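In structure tokens below, several structures.
Each of the two complexes below includes subunit A, the first together with subunit B, the second together with subunit C.
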Partner chain A sequence: MTALLSIRDLRAGYGDADILFDVSMVVASREIVVIVGPNGAGKSTAMKSIFGLLDIHAGSIAVGGTDITGWAPNQIVKAGVCYVPQVQNIFSEMTVHENFEMGAFLRKGDYSAALDRVYQLFPDLKAKRKAVAGSLSGGQRQMVAMGRALMLDPQLLLLDEPTAGLSPKYMEQIFQISRNVRDTGVAILLVEQHAKQALAFADRGYVLAAGRNRHEGTAPALLADRNIAEMFLGG
Partner chain B sequence: MEFGSFRAVRECSFSVTKGSITGLVGPNGAGKTTVFNMIAGALRPSGGRILYRGEDITGLSPDRRFHKGIVRTFQIPHEFQHLSVLENLMMVAPAQPGESLLRNWFSPSLVGRAETQISRRAWEVLEFLELTHIADQRAGRISGGQKKLLELGRTMMTDAELVLLDEPAAGVNRTLLRKLEEKIEHLNRENGYTFILIEHDMEMIERLCDPVICMAEGRVLIEGDFQTVRSDPHVLEAYLGQTQEGAA
Partner chain C sequence: MDLLSFINFFLLPGIVQGAIYALGAIGVTLIYAIMRYGHFAHGDLATFGAFIALAVTTALGLSPYAALPVAVVFTGIFAICIDRLFYAHLRTFPKIITTIASFGVALMLRSFVQVVWGVNTTSYVHGITRPENWLGIRIKSHEIITLVVAVALVVILHQFLTRNKWGKAMRAMSDNPDLALLSGVDNGKVIALTWIIAGGLCAASGFFLGINTELKSVMGWNILLPTFAAAILGGVGRIEGAIVGGLIVGIAEELSVLIIPGEYKVMSAFAILLLVLLVRPTGLFRGKVL
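Moving on, here comes the complex of A and B:
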């Protein structure tokens, strides 16, 4: 497996305090990988560290063989990584279309092809393209956030709990769309509390607990492990 | 408790029986949280009435409702960021003698005793929620899921009668969630708490709630037991999506 994202022995946290202890992970290109684990395990911290938002105290992060440890988020975006935070992930005063255009801010030249592709992935949003993003339902707002991130043609998309607070119908839709996104050639690393549902559509998973790697494996193997199910997935 | 006809949420009427755990489900934007805001007193309905134990509370302030035993949580946690996790819990306990300057001067032992008692209760809550290791951390610095747990913990710090839980499952680990369900059931059965639960986690709704009310576009779409609501074609269409149909 050629690693698109490779994290080795990562120690990171807020200020001087470590939250992650020697965490290692890999994501191959076109792979969907989910991080699950108890509250406070460091899942969101791992995502933020990859995207250059936190202090990295030890270890390394590489994308496509390039070491990006310590890079700023705007540089990491150029390395092909885009991030959708859990909250405050859209420009709610702007229209759907403007949100997508903002996503293309760092691009040079014509971005109409990227725009077409995003509308193809989110056909529901095409009819809503002039609507103010803040007026949309939770599920549609999440789609706007994903679409905005995809405007830069990332190789890797980071999603922090994309289905939190969404109705069951939208949860299914977000997972389905994520699969479609992968089929366009994008790898996805996501954090989920809907662990069973997420593992049902992911390729592989990592279980983090108290800031450390606890388990890893293919999604079916993790789902089949009774101990893991009981301790981390809600039985 | 009864709702008259709301215009803000468009003639939404339902009642909740004492001692029940009522589930409130429906698509994003259906008006579920708005209903909570009106019950808790954060929003005043533009029409209609809210009765609580037969008394009209429509005009009461949120703090008066709190003292009548109505407690709520928020979908997006409202923690005091600069206080510790423990202090966030201790804040909740009503009528603390230490709040009076005179009592602090003239009956310090009474103040001390009360505070010890409140602190003991807070530690019990932390233990239950598996948060003791972060008791002294500033609440603004804990993880998103831990903030949700703290939010729920605050409702356990007071002798509530009606607890409104706004998406307690979102962002909470599923194994811990199963334990929270047990705690909710316990508070319901042993302490007589009545719950209204807004939630998208259908497993949680199925396990805990009877009846279940499904709202859409500001109105009650259907009310009934879980199976009835789940197999209703309108609910499938508007809320659950087609993949749930096979499971129903």
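Moving on, here comes the complex of A and C:
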């Protein structure tokens, strides 16, 4: 397996305080990997440290063989990694279309192909392209956020709790869209509270607890493990 | 009072004064949207711009209107310099420090104007302009020019903010600064752009105040309160709000003369400000709360 993203023995946190302890992970290209675990396990922290938003104290992060440890977010974006934060992940006073244009801000030249692809992935948004993003429903806002991140044609998409606060219907839709996104050649690493449902659609999973790796494996294997189900997946 | 005299003596002067406030209020609102502090040197920056136009007029013997573009560009660049010199190193500190610093800059600018051009009242053109008479509506040529240029500047700004890549980046930075940075927007460039626009509009507001009334070193300081009242009434961070707010404050000031003595006109701006802060602190267009 060729690793697109590889994290080795990562220690990271805010300031001097560590939140993650020796976390290691890999994501292969075109793979959907989910990070699950109880509240406060460091799931979102792991995501943010990949994107250069935290202080890394030890360990390394590499994308496609390039060491990106300690890079600034705008450099990491250029390395092919885009990040969708859990909250405030859209420009709510701008239109859907302008959100996508801002996603392509760093691109030089024509980006109509990326725009077409995003509208193909989110057909619902095509009719709403001139609507102010903040006026959309929660699920559609999440789609705007994903579309914005996809405008740079990333190799790896980081999604921080994309289904938080969404209805089951929208949750299924976001998972389905994520699969479609993967089919266009993008690997996805996501953090999920809805562990069972997420493992049902992901390829592999990591279980984090108290800032450390606890379990890892293919999604079906994690789902089948009685111990993990009882401890982390709500029975 | 018949309709014509209402228009001639209250509505038209109110709209002209309102346009002057609006030009300043747009700058105040833009600076708050991008940098999140109230810029209290805005009035004195307008004075500075007005006197730059005077200097160009007298030095080159040009018409004051030819000096306006020079003053706008010069004041815009000057505003970037002020930011680099006095505000840039305060960015990571609490915003109130920059607000206080802007008071200091206001005093420096006023003193500079007083040292260079003196404290006496002066004007761009001497003599009295006769108003044109259109079907009983009496309007002076400089009032028409004020309105035309103000509308043109607002249209250009609107086009820039909705069509241009960097204009959109400015709106993005105002909307969600973290996401704008994640999208690769260069904060420094957006800040410089904000200053050149706010500074340029500020010079225009000072210039038109000078051409409609007279030039003196405290002219900008005197319109600072109505300018802020306009920005807050419209909703801080909302450009359309600054325009509507400016017009309402301008017209209200003229109408207030019906009730209170003319010397207390500025009280009406103060009353509007108080009322908005008490009743609807987000302003008419739901802006940010100062």
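Just so we're on the same page, the second predicted complex is superposed on the first by the 235 of 235 C-alpha atoms of A that agree within 3 Å, B and C clash if a C-alpha of one lies under 4 Å from a C-alpha of the other, contacts with A are read in each partner's own complex, and residues count from 1 in each chain.
Here is the rule we go by: contacts are C-beta pairs under 8 Å (C-beta built on N, C-alpha and C of every residue); 3 or more make two chains touch, one makes a residue touch a chain.
Every value quoted in this text rests on a predicted model; they were computed, and no experiment measured them.
Visitor: Should subunit B and subunit C be called a clash or a fit once both complexes are overlaid on subunit A?
Guide: fit
Visitor: To the nearest 10 degrees, give me the subunit B-subunit A-subunit C angle using C-alpha centres.
Guide: Approximately 80 degrees at the subunit A centre.
Visitor: On the superposed three-chain arrangement, identify whether subunit B or subunit C touches more subunit A residues.
Guide: Looking at subunit A, the partner in contact with more of its residues is B.
Visitor: Is A:A58 in contact with subunit B, with subunit C, with both, or with neither (first, second, both, neither)?
Guide: It touches nothing on subunit B or subunit C.
Visitor: With both complexes superposed on chain A, which partner does A:L223 reach: first (subunit B), second (subunit C), both or neither?
Guide: neither
Visitor: Contacts for A:E98 in the overlay, against subunit B (first) and subunit C (second): which applies, first, second, both or neither?
Guide: So A:E98 only meets subunit C here.
Visitor: Is A:A131 touching anything from subunit B or subunit C once the two structures are fitted on A? First, second, both or neither.
Guide: Neither partner.
Visitor: In the overlay, answer first, second, both or neither for which of subunit B and subunit C A:G37 touches.
Guide: first
Visitor: Quick one: classify A:Q86 as touching subunit B (first), subunit C (second), both or neither.
Guide: Once the two structures are laid over each other on A, A:Q86 reaches subunit B alone.
Visitor: For the combined overlay, can you note the least CA distance between subunit B and subunit C, rounded to whole Å?
Guide: Closest C-alpha pair between subunit B and subunit C: 15 Å.
Visitor: On subunit A, which stretch or stretches are contacted by subunit B in one complex as well as by subunit C in the other?
Guide: Touching subunit B and subunit C on subunit A: no residues.
Visitor: Across the complex, what residues on subunit A touch subunit C?
Guide: 73-74, 77, 83, 85, 88-94, 98, 101-103, 105-106, 148
Visitor: Residues of subunit A touching subunit B in their complex?
Guide: 14, 37-40, 44-45, 86-87, 137-139, 161, 164-173, 193-196, 230-235
Visitor: Which of the residues in subunit C end up touching subunit A in this complex?
Guide: Against subunit A, the touching part of subunit C is residues 165, 168-169, 171-172, 174-176, 178-185.
Visitor: Spell out the part of subunit B that touches subunit A in their complex, as residue ranges.
Guide: Listed in rising order, the residues are 26-29, 75-76, 134, 141-146, 148-149, 167, 169-178, 200, 202-203, 239-241, 243-244.
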